[in-house]
Structure formats: structure tokens, C-alpha cells
Amino acid sequence: MGSSTPSIPLPPALGSSRPGSLGARLRQVRRQSEVLIAGLEPEDLGLQGMAHASPPKWHLGHTAWFFEEFLLRPALERPDGCLAYEPADPRWRYLFNSYYDAVGARHPQPQRGQLSRPPIAAVLAWRERIGSGLDQLLASLDEQPPASAASSLALLELGLQHEQQHQELLQMDLLDGFSRNPLEPAYHEGPAGPEAAYERGWSRGHGANDGMGRQDAGGEPGWLAHPGGLAMLGHPGSSGGGTPAPLNPFHFDNEAPRHQIWLEPFALAKQLVTNAAYAAFIGDGGYRRPELWMSEGWAVRQQRGWQAPRYWRGADEFTLAGRRQRQPLAPVRHLSWFEADAFARWAGARLPSEAEWELLAAAAALPQAHGLLWQWTGSPYRPYPGFRSAPGAVGEYNGKFMSSQFVLRGGCFLSPADHAGPERYTYRNFFPPASRWMASGLRLARDGA
Amino acid sequence: MGSSTPSIPLPPALGSSRPGSLGARLRQVRRQSEVLIAGLEPEDLGLQGMAHASPPKWHLGHTAWFFEEFLLRPALERPDGCLAYEPADPRWRYLFNSYYDAVGARHPQPQRGQLSRPPIAAVLAWRERIGSGLDQLLASLDEQPPASAASSLALLELGLQHEQQHQELLQMDLLDGFSRNPLEPAYHEGPAGPEAAYERGWSRGHGANDGMGRQDAGGEPGWLAHPGGLAMLGHPGSSGGGTPAPLNPFHFDNEAPRHQIWLEPFALAKQLVTNAAYAAFIGDGGYRRPELWMSEGWAVRQQRGWQAPRYWRGADEFTLAGRRQRQPLAPVRHLSWFEADAFARWAGARLPSEAEWELLAAAAALPQAHGLLWQWTGSPYRPYPGFRSAPGAVGEYNGKFMSSQFVLRGGCFLSPADHAGPERYTYRNFFPPASRWMASGLRLARDGA
Amino acid sequence: MGSSTPSIPLPPALGSSRPGSLGARLRQVRRQSEVLIAGLEPEDLGLQGMAHASPPKWHLGHTAWFFEEFLLRPALERPDGCLAYEPADPRWRYLFNSYYDAVGARHPQPQRGQLSRPPIAAVLAWRERIGSGLDQLLASLDEQPPASAASSLALLELGLQHEQQHQELLQMDLLDGFSRNPLEPAYHEGPAGPEAAYERGWSRGHGANDGMGRQDAGGEPGWLAHPGGLAMLGHPGSSGGGTPAPLNPFHFDNEAPRHQIWLEPFALAKQLVTNAAYAAFIGDGGYRRPELWMSEGWAVRQQRGWQAPRYWRGADEFTLAGRRQRQPLAPVRHLSWFEADAFARWAGARLPSEAEWELLAAAAALPQAHGLLWQWTGSPYRPYPGFRSAPGAVGEYNGKFMSSQFVLRGGCFLSPADHAGPERYTYRNFFPPASRWMASGLRLARDGA
Amino acid sequence: MGSSTPSIPLPPALGSSRPGSLGARLRQVRRQSEVLIAGLEPEDLGLQGMAHASPPKWHLGHTAWFFEEFLLRPALERPDGCLAYEPADPRWRYLFNSYYDAVGARHPQPQRGQLSRPPIAAVLAWRERIGSGLDQLLASLDEQPPASAASSLALLELGLQHEQQHQELLQMDLLDGFSRNPLEPAYHEGPAGPEAAYERGWSRGHGANDGMGRQDAGGEPGWLAHPGGLAMLGHPGSSGGGTPAPLNPFHFDNEAPRHQIWLEPFALAKQLVTNAAYAAFIGDGGYRRPELWMSEGWAVRQQRGWQAPRYWRGADEFTLAGRRQRQPLAPVRHLSWFEADAFARWAGARLPSEAEWELLAAAAALPQAHGLLWQWTGSPYRPYPGFRSAPGAVGEYNGKFMSSQFVLRGGCFLSPADHAGPERYTYRNFFPPASRWMASGLRLARDGA
């Protein structure tokens, strides 16, 4: 994470992943949210480029709200509680609720940019109070009944993971907002994105191919084959006898239950599709040939006038480091599912299913799986067999979004390294098929081993 | 089919299914399209209630266009052809193309209702010419090379099935159009829908339950269990050694390839959910409780003000037979996927996957599978492993709609009996999750055998 | 009127204006509405091209409704009445009310095209019954108190004038609807519009100029000057001592009261702007130069992609007689106010005020004032000083539309000759400035005599 | 001005009007723009509540742009120029152009809130440079040819007046933006609006009536009568022999030419309509009775759900001083023209014409004409006879907005005192009839003296 925003001075410890205690991780992760806005102009704090994005200040308020709503308010209401915590103005519950119907009404997302108040200082002071409240809560866990303490720990971990998700969202949203400014502002001066890895020779080390899965000049195979058959998919959860290495014990509810599936033989490309390969698709009429597209995607393409990935600008692309020259061998990014699907069809291939992706990633056999770009799959986002949402508001976290979206796998250069890394290969991200503002790329798949 | 529109006099032969020769079936099916408009007022022929529907006259023109475009025009262009067929005004290709990009530009669907010309007489005369052309084509198949003849036969069969699909669409669209008229017109005087079966005692004969899958008073089990395991899904296609009885040899491309899957143990309700059960859901706040809904569905519900299924009007419902009293034990219909999904969640159940549905239907073990209502599944509409679209314009038939839709299975009281009957259990219908104007219902499923 | 639709056989008397008795005029005018649909295909009766237009059948129903609502229903409700009249189905009041809030709710205008029922036969039968009812009503006027009889006579005259307005609207709306059909249907085979007059040498007889008010080759002055000063504007109404010749005693409420105004010296062009002159405007970048346009008009132009008058198609234009070659010397038509205003600015002139127009028309000094095209003025449509709406629903006829519209003066080739002819020079027509589907043209004006 | 924002410390001189030299006035006025944002939070600088409003920072940038574009850039381009001025980044011309097509393309108004950059510091530094440039320009006027110097002086005065208009707009827009925040922020702590005058006894001093023009208890007449007749309207302009006292020699182009008109006898209410009177209108069903409304206004009312003036909240209203109790005797404000027009109809009166208003204001006979609220008239905003726009971009200032708007007269409590005071009685403000975010009120008129 830190490496993508080098202009913001980071405390030394922030780069390391998962320190021993939850309390320390909490402080570090929450601190990182504040680090992310340190280099912004005050006016940037309210910037909302589109209805589905949120201003940086709102992300800081909402992640604070999560802890107040799900941990501190309940703790205050406990008869035996002795928490010294002053909650925010009750109206802030309305302002900073994102989509939890069980919590109550909320400020409409398209109007978050209009919340010039509360000012950032008030939000930061609130975050400070919440930090102190969480410290007290953690210190008091020993005195709680075990079930209650376990529930609090799970919610704290969820709050931490939630905040890390918003750290990525904050940067996606900022890129969207800055992209609408003719001045082409830069968030930082560092490497613009995953191409940094390429600049450091990543692709050479992992088998350089042409980004379309074809074998490279050196003769290395461009595809990883798998014979298919019965396999297990998903996170085993906390029940049962442990988590297979290197799997992280944390998971979101939508990653479970672990269940059996049948797979036909398949192969996945070893590399993400590159800018150069995508440019060849464009050059071959990719945006003018409806036969390559889903009907719905073609309609969207026409309506919005898509001619290239979201942030391409001539030979450059717009990034969090401002406008930069596009690197041909860097993976193409900020694609909708419709574009990824059309590219795959053009290339005579297809998108992987999420099961195919996870199988190879679980075996640590999949290069470029983490830290570069989220990778579109051909799998609609639906519940795993036996999935149950948690009761109450927290159950709205993932379960109510299981229609009209597709799964992305992996993680991206904006994801905190300890949030979506190799030990989180069961992670299911999801977006509607027309979305392009997240750091999405694609990897090809084909039938047969 | 005939039984649903008794006010229109049908020739005796029309009720029977699949007579020996394709030519005879073609004539019967094409004749049936004309029978369907026989009782309409002339003004009804141009009625288009909404952007996604089409006027009756357009359906008759478009099904004619299909034969001209894919069979008669190519035949005219063959160097050795001697077809005596006068094509329509070239502009009709534009008017009556539905969504085939490979054929060229087309009149926008939302504006089909504005095509008061050509008048119906001109369309019917064209259909007559096409019939004669198809007769010639059939008679000449013996003289064609076998591959060419086989291709023509396949396209003729596809044209026939296509026309049957439009016969159902025509009636769905008409119901939508009539429903917008305060005079509440009736298309016919017969039974209004699938409840006709109930009036004839269907439910008693097949195990009356409460429509929520619970055991009925008589003690009969309300659920059909299946132990899961490895199973085959989809149509085997024409390749290979034959089609398992009672499967119809015809299939749409999206029903293939047949492939293996793994299923966990499950059970399906023996009966579709009834109006009475659905009324209980409403009475229990079904349309006021966001926790029962997908987030996308809840937004649609709020935006469109849904309070009940599309055609409920007080204690009545609007049908092709006009406004009729709602039958409590008849299956609830004209539901969106969002409503079906919310109901299932409320009932502590879920929607079946399409594999679960097909498995029991293939075993002839599933009551109420055909002839009543299309049944929503929880399966997004996506290609089967190894699916390939046909080359050319015909490849657009199904393959380009595989995003943001859900599969429905079975068939409905508006489907021609020989089109979506028991021998067509691999049939995959699909609609966007917010659609309500088709004859859709739902059947519950649950985990475990 | 008849001359514009020569394919429809008219009874000989229809061309003449205002026969002696109101009853005879009523019958003739109401008959003419039916003549206007005689040549249509049945499907055309429901054709509605856009939200602001209405299908032909609706016009016939609405003009019938006017008589039922304002004359026959009140007569039925009178205690001493003995009218033998069976009103329509009460739901028709809802279907055929146009915009009278005092009457009650109404079917939304954008959905009139969806009213395939009642069928035309039922509407025509209703019209027949209404005719008989009106005959009875007229016959009974002698027995009514004078005030009541006078009120009935005024309403009958208003209903007659109202029906004539809808005869013009019906044809405007039909032109709009047909224009959306790629088959370019023709309503009739006769002269397409006002250019018929030109073909007969009109312009030669009245001083041929270049349509921009400039003097023609023959040296005739192209402008009519007026010294300005105090003048009277508007219709004197029925009160007071008579109506100045040649003024028709009938007037709509918005034409009164007659009142004094002050005018600066001005001149009006003798001729309407021609197609040739308008083509020169286009050739000079008229649709690419924002400095010629009102800001609101320029935004509309950009949004809708205007490049020429509504019905221009290459060198042709679309007319009620189908696609016809455009006549350079015919007056340009189907212009929005924004286009007319921009043209005038380009030509170094301006639009006339409605007072300027009326002053010269009242003096019978204005060529091309009637029977060709409605003529945009620069006057917003607002009440005359002292204007009062009639009480009740009839008061909604004109008075509630007095915002955001501009006045047009004269009459057009679609207007019945006895409805908007020279004796009706106080007539105020009005449309929003972006409307283009009516038969509108423009005449230039300039300051100074 | 100062009195409305007492929380912001003002330099002593700012309250006084028009000091001797233009240079001093320029500095004062430009300084005042910066004073207006002094108390805001940084996030407020980018707040844009709706598409037609602009963020405070944008107002400061745009008023700077005006001077750069129309004075400093031309001066830099003069061959003999020796101006030491560094213009802004050329892209700022695009960012800060409001609507001048002749200047070139511009950033879309609805997206001004997305311009988090340039930061305020950069804008203020630019303003500083511009101030220095303007000082140089003023100092060099003596050396310019008289015509050029006069043109520069006129543009400087226009720039000053323009900036004053934006000072009012900034506050209107801020009120709109703050009104959308559930925290109900306050811009300042002072009197909330024109009611301050009432609190100080204004109404007693000027004849207290009930705000509907009726005579008050004390017997004072509530109406000011005028016999009508020929009169002069508009500003005489700089040509000719002077300006009638107390008329300010400055005027916008749309206030000229001065011209003669004829008026019927009329009377205007001495007082603006009060909150109490408006509450009576609401209580009498004002928002439920379509017969009181223009048809267009009624449609807007239904669509937007209007039930009261824009900022009424229960018994309070939202103001720049936050939520405050509504004062019954204060003039009702933030009304659309449609609401003003409906109220007048309900009261048995009408809106004044702009001529009626100006006639009495010119005679200094009209109480409450200035400093409280802009006053809707019944006059559409159209050019005076003989009006000509200035050539070039400056000609777009007023002239291109002369359709679909109504004139407001007077000035309001947000207008700088030396900008729209009694000596500016020919001032023509204008807004579309559905706008409500400006400080608008109404005064009744009636026919007859």
C-alpha cells in the first residue's frame, strides 16, 4: 500500500503486515486512513465525482461510524458498561450510514459530496474518541462472557477489514474525481499503479508473454492447465478443524461455506492481459463490432460512447500520479466486465470462473494473482450453497448484493497488502458489469487442460 | 394453447402436437399466429404498452422476417436457385429486425408502436408469400447437397420454434398493453390463466399443499428430495448416440453442451407458490421489509412503487380474460425475480438452481413443471461450459443475452403445448430480474434431502 | 381546408364559410372531423408519435367529449330537462378529458396511444348520439330563459371552434406520427402544403421578394411600414356597440379585452421567409453559431441535434403528401421559435410583436397573413390588461397556459378556412418556443417606419 | 451588505457606497468577495448544491476571470502594452468561463463542484495579481486614446457590477447548498434576512398592512394608485443629456433604450406579501387547487412536491443564519414565479408589470422597493424596443437569456447596497418561473386607480 503513495510520509511500521495484537493492528489501520488524506487539499475532502463514489471525508466518517454503530453504541447500552465514550451528534448516524437498512434511514449516496459539514477537524476528533473507546473495549474483553467477547472480537476484526476496503475505495473514488478535472491533478508522485512491478522486472521473472496467454519468445508455456474434477471451493470458516495453510483465518461471510464442485479441464493464462494486447483488440475494431459483446454491454458502450478503457487518454493514461505514459506491458486496467468479456471473446478465449481462479491460487500456482489488479471472472456473484447472512444489520454487509454483479478475484495495487494478499485467495469482490472505476483487469481462460 | 383462448375458433388439428412432417407443422404454427389476432380490434394491432413489448402486428411481421431473412433471401441468392418468391420492400428488413446486429440497423424497439404502416393486410399478404416460398424450399431439399439441406431443415425448425416463442410474447405483450387501458379490455372470454387447471381439480390430484411447500392436511409430503451428487445437465445435442427419452431432439443452442455438475442434497416443493401464500407474505410486510430483498430489488421496488404482483387489483387480478377474481389456490404469477427471491427468503427457503429443477423434471418427478407458469430459478443466465454460439446472425439468438438475467424453467399456459412441454425439460428461458410482464411464478427449494 | 386534402371527397358545401344557422355549421364541422379520418388505415387511428401529440381517434373522442361534458350532461341534469341522450361509459370522461382539472382526473397524454379501446366504431356511434342530442338542445333553446340560452349558444359556438382547432391538431399530429415511419406514408395525394399557393403564382401576384424582406428585382418595396403611436389591440368582445368590420364576432377569451397600446414606428416584411432564404441561413452556419441564438434555444438545438427545420430531408421535405421536393420560394415551415428568432437575428431583423402584426392585419394591409402558416411573434403569451378567465372548467381553455410560450398569429393551410381567416385577425395561437410540429413560419420585422 | 453578515469583520469603509474613484471602489468590491468566504470551512468552498448553483470558490475564480478575459488579456496583446501581469494557466479560461460562447468551450456548470483544484490559495493569489494588473491599467488610461480609455472604463465598471452580482449569487448558492445538509449549518449568526428590518420596526414606520394590500387597522391606505397613461420606461443610457435624478448613470444593456409605453390605471400594494398572508393562502388549499395555477406551474408543483416556499420548515425557515423561527410579518421569500402568480390569483389581484413597478419606484413612491427582496413581476423578460446587444462576448451578458424567464425588480437583502439600491430603479433581474433559490418575494397589483 505504502509504495503506491510514496509522497505521503508513512511511519516505518505501516508496511509490515499483521502485527501480533488486534489492538495494534486496529490503531495502525485506522491511522493509515488518516495518512491517506494527509497530502490532499482541503477542497479534495468533499470531492465526489459520481453518484456511486464518495468523498474522502465521508470514507473517514463512515469507517468511524461502523465502529460506533456496531461496537461502541451497543457497549454504551449494556447495563454494566462503564465505557467513557461520547457518541457523535445523533444526526451523524444518518449522514454516515452507507446502506444498512436495519440501522435506519440514511443520506442519499449521490449527495454525499454536498456534506461540507461536519468539517474534517470534527471528523478527526471523533475518530480520536472512537480510538480511545475501542482501546477501552479491548481492555474490557476479559471481563465479558466468552461469547460476547468473541462477538466483539469478530466485529472488531470486521471493522478493521471494512476500513481497509474503504482505503481502497477512497483511492478509487479519488481517481474518479480527479479524472473529471481538466487540470489532471496528481494524488502523489510515485509509481502510478501496477506497472511499477513491471518496471522492476516483474514480468521477466514470471514468464513474459504477450498478455494474451500465448507462449512468449523464450518458449515458456503461457498457460497453466488443470485437469478439473471434483474440488473444494470457499473458506472453511471458523468451525471445523482449522484453516488450510496459507489461508488467513479471517473471511467475509460470502466466502463460505466451503463446498464441493465439479470442474471440467481448463487452463488459465499466466499473465494478466496487457495494455499492448488490449490496444490490438481496439485496433481490430473491438469497440465497433457488436458480435464480440453481450447485448447489454453493447448498449452501454453505445450510450456512454466507450472507445477505450476508462482512463486511457491518447497514448497516456490518467492515474493517481496524474497523467502518465501508458506502459505496453503493464496489465490493462479500469475495464468493465463487458469490455473484459468482449476482449476474451475476441482473443478466442473466455473469462475464468471464480472456482478455476481459486483452485490455482490456492495451490500458489497462479502468477500475478495479488497486488496488481482485481481480475474479472465469468461468475455472477451469487451465494455459495448453504450461505446464510448474519442476523441483524451486519448481515447486510455482503448478502444483499447478490444480483446483477460479477465476481472479481485477487486484489489490487490499491488494496492494503495484508488485506487481499496471497493468504486471502478465497476473497470475493464484486461489481456491476458496467463499472470501470475500480482497479480491474483480466486474465484469460480456456477449456481443456 | 388453444384452451387458453377459447373465444377464437381453432381448426381441430391445432391442439395436437408435432405431426409427422415439418411442412405440416410449419403451416399449422404459422397459421396459429394469425389465429391469435383474429379476435382483436384493428387498433389493437399497433398497441405497444411499454418499450420492451411489441405490437401484435409487429410480432407477425417479425416472425415472417425471420424466414425471409434466414431462409428465403439466401435461397434467392443461390446461383442455381429457382425460387419464385417476391421479397418484401427492402425497408421492411429494417422495420422487422428485432436485435440481429449482423443483419444491420433496425427500428428502435420502443418505437414499434409508431409503425401504423405497413397495414395488417400487407403483412398478411407477405406471410402468405412466405408460406409459398417455404413450401417450395421444402420441396427442393432433396435436390440440395445433404449439408445444405440439413442446415435448411435446422433453420426451418428454428423459425418454427421462434414463431412459437413469439406467440407467447404476443400474448404477454397484449396483456401488458390492455392492462394500461382503464376500460380493462378482455382478449377472450375463456379461463384467465393457469388457474383453469386448478378449477379442474389439478391441485387435489397432485397433492394439495399450501403453496409454501408445507405438508398438506392429508399428510402427503410437500417436498421432493434429491440426494445430490454428480449429475448431468443440459441437452446432449444432435451429436452422439441419441437423445434420452422423453427428450425432444430439438434444443436451442443455450441448452448445450450437456455437462457434469456436482449438487448438494436438496428438495424442491411439489407445488408452485399460490396466491394465498403470496398474500400471506404481503400481509406480513413483505413489501415493507428491506431485509427480505436484494438491495437492487429493494431500490426497484421503491422506485416503481411495487406493493403486489404486477396484475393484482384489489381482490381481483387483470388477465387476458379481463378483470377476474383472484383464485387463492392458483399459483401466483407475474412476479419479478426480486419478488420471488424475497418471498423465498421470507418463507425460510430459497429458489431452486436450474440444475436442481432440471434433474427432477428429467426424471418426470416434478409436478406442475409445464403448462402453468415459468419458474424463476436462482441461477444467473450464463453459458454452459463449452458453449459456443453459432456463427453469423443466428448466433445472436441466445448467446448475447448472458448477463444480468436469471433463468426460468418449465413453460407456461401461454406457451404452445408442443413447444415447452415435458419433453423440453432442458429449455432455458431468461429475463432480467425486474421484469414482471411474463407469466412467471415460483417454486421453493431448500438445502438437504 | 378541402384543398389540402383533396383525396378525401368533401360534400360541396364544406368549403364555404359560416352558413346561416349554427345547427347547420355544427353538423358540417363535426362531419368534417370524420371526413378527415376517412382515408386512414385502422392502425393509424391509434398512432401517437410523441408525448405532446394525440392519436386521430382520440381527437374524435375528445371533441365529442367537449359537447357531452359542457352541454349535454348539464342539460340532462336540469330538473325540467327532457333530453333523450345516453351518455358514454363514465370512464370515457377520464379517457377523453384533455386538461380540465375542474372536470377531474384524466388519462395521461403520453399514454393516449395505448388506448386501443374503445374501438373507432364505438366512438363514431357516440358522436352520432351527441349529434342528435345537440339537435334537440338547439331546438329547445327557445324554451329556455334568455340567459341560459345565450350561455348554451356560446358554448355550442365554442365547441364548434374547439373542434376546428382539433381538426388542425389532428393533421399536425398525424404528420408527426407518419414522419417517424421509415416508409414515409402519405396521408393524401394533393398539394403538400402552403406551397400550393405558390405553385399557383401567389408570390408573383403579391410582390415577389427574396423572403428576407428585401426589395425584389422588380423594384416593389418588400416592407410595409407603420408610423406607430397609440393603437387599439384585441377583440372588442360582445359587450359594447359592435365589432369593427371585417372582424368575426366570435373570439376566444384570450383575445380580449380590447385595449390601448403605444407602438414605436416599425415595418413588417410583405412575405413570409422562404425555404431559399432559410437555406442561406443554414449555409451561413446558422445552426453552428451560438451568437445568433437565445441561450435556451442553443441548448435545445445541441441536445436534439437540430440541423434544419423539423421536416427537411435532404433536398426534400416530409409532408402530409409524403416526401416531396422542397420548393425554394415556398415559406419555410415547422420551425421552432428559437429557429425563427435566430434567423431574424441573422437577417439583421427581428420578429414582429403581436400588436404590430394585428395592426397591419386589421387594416387588411398584410399579405400572406392567413391560410399559409402560423407566424411566430416576439411576444410572450400573456394576458391582456384586464383579462379574466371564465369561471369553471371552460376558464381553463386558454388562461392557464400563459407562461413560457410565444404567440403565433394568422392561421395556416391546415386551419379550416372559416376558423382562422382574415376576419379572425385578433386570433392568438401559442406554443412553447421549442415546438416544431405545428405549421409555423415566420415574417420579419424591423424598427423604424 | 455588511449588516447581513455581521459575523464577518468588515473594514469600516465597506459599508459606504460609491467612493470617488473607480480604483478605490474596485478594490473595495473585490475585497468584499474575499470577506464573504472568510468564515467558511475549507470544504464549503467546493459546495455545489444543484446544477444551477456554483461553489463559492468558483464565484471567486469566475469574477477574477472576467477581468482577465475582458481587460487584462486584451491589454497584454496590445502592441504598445507594458503591463506586468502573468495570466493564469490557460486551462483556467475553460474552468472559469460561465456561459460566454464567444470566449470558447467551458466546464459544464453542473460539474463545477467537482473542481477541487485549483485550491483556494491559488485562486486568491491570482486575484491578487489581477488587482495589481487592474491598478496598472487604471494608471495607464491617460495614455490611451480616449475611445479606448472609455471602453476600458466601461468594462471595469461592468466587471465591478458583475462581481457584485456574484456576491449575491454566492450567498444564494450557499444557502441552497447548506439547506441540503441535515446539520443545518449557519453561515453567520446575524439577522437571517429581510425580517431584520421588520424587527427594527420598519413595517410600523411604513404603514403596517396585512401583506395582501388591504388597509391596516390604523386606516392607512394599503395601495398606491396611478392613473396610467403614456410614460417612459428604462434607462436613458449614456447618450443624451444626462440621467434623471436619482438615477445611477450605470446600467446594464437590458435596461435600455428608454422608450414610451401606454399604461392603464393601476395600483400597487405598499407592502410585500408577508409570511402570514402566504400561510393563509396555504391554509386555504393554495397548493392543492389547480385553478389557481398556471398549467406549467401546477405540473412543476406536482413533480417536485411543493407544499410551501422553498425554505419553510415547520414553523421555522432555513436561512443563512441557520434554522430560525419564521416571522409572520416579514415578507415571504424564496418563491417561484408560479407560486407568486398563484398567490396573486388567490388574493384576487395580479402581479405588477415591470413598467408599473418602475413608474412608482422612479417617483420614489414605492415603499419596500429595495433592500428586502426581489419582486416578481408579470412581465416576461424580453428586449426593450430598439435593444441591441453589445458586439462580442460581452454582448452575451444579458441578451441571450430573453426567453422563458420573468423579470424581477428591486433588489434584496443580499444585494450590495450600492448595487441595487433606490438609484438603480431601472434594474431588470430575471429568473425562470420555477426557480426558488434566489431571494424573491412578491408585491400585489390590481387594475384601476
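In this document, chain identifiers A, B, C and D correspond to the written order of the chains, with residue numbering beginning at 1 in each.
What we mean here is this: contacts are C-beta pairs under 8 Å (C-beta built on N, C-alpha and C of every residue); 3 or more make two chains touch, one makes a residue touch a chain.
These figures come from a predicted structure and were not determined experimentally.
Asker: Tell me, which chains sit next to both subunit A and subunit B?
Answerer: none
Asker: Which of A-D, C-D or B-C has the same interface as A-B, meaning more than half of the contact pairs match by residue number?
Answerer: The A-B interface is reproduced by C-D.
Asker: Which one of the chains is farthest from subunit D, going by Cα centres?
Answerer: If we average the C-alpha coordinates per chain, B ends up farthest from subunit D.
Asker: Using the average of all C-alpha atoms in each chain as its centre, how far is it in Å between subunit A and subunit D?
Answerer: Subunit A and subunit D have C-alpha centres separated by 48 Å.
Asker: Using Cα averages as centroids, what's the distance between subunit C and subunit D in whole Å?
Answerer: Computed from C-alpha means, the inter-chain centre distance equals 39 Å.
Asker: Report the inter-centroid distance (CA atoms only) between subunit A and subunit C in whole Å.
Answerer: The mean C-alpha positions of subunit A and subunit C differ by 61 Å.
Asker: Going through subunit C residue by residue, note those that touch at least 2 other chains and give them in order.
Answerer: none
Asker: Output every touching chain pair, sorted by label.
Answerer: A-B, A-D, B-C, C-D
Asker: For subunit C, which residues are in contact with subunit D within the complex?
Answerer: Its residues touching subunit D are 99, 101-102, 230, 259-262, 264, 290-291, 293-298, 337-338, 341, 378-380, 382, 385-386, 395-396, 400-404, 406, 433, 447.
Asker: Residues of subunit C touching subunit B in their complex?
Answerer: Residues 41-49, 57, 89, 91, 94-95, 107, 111, 113-120, 177-178, 180-183, 185.
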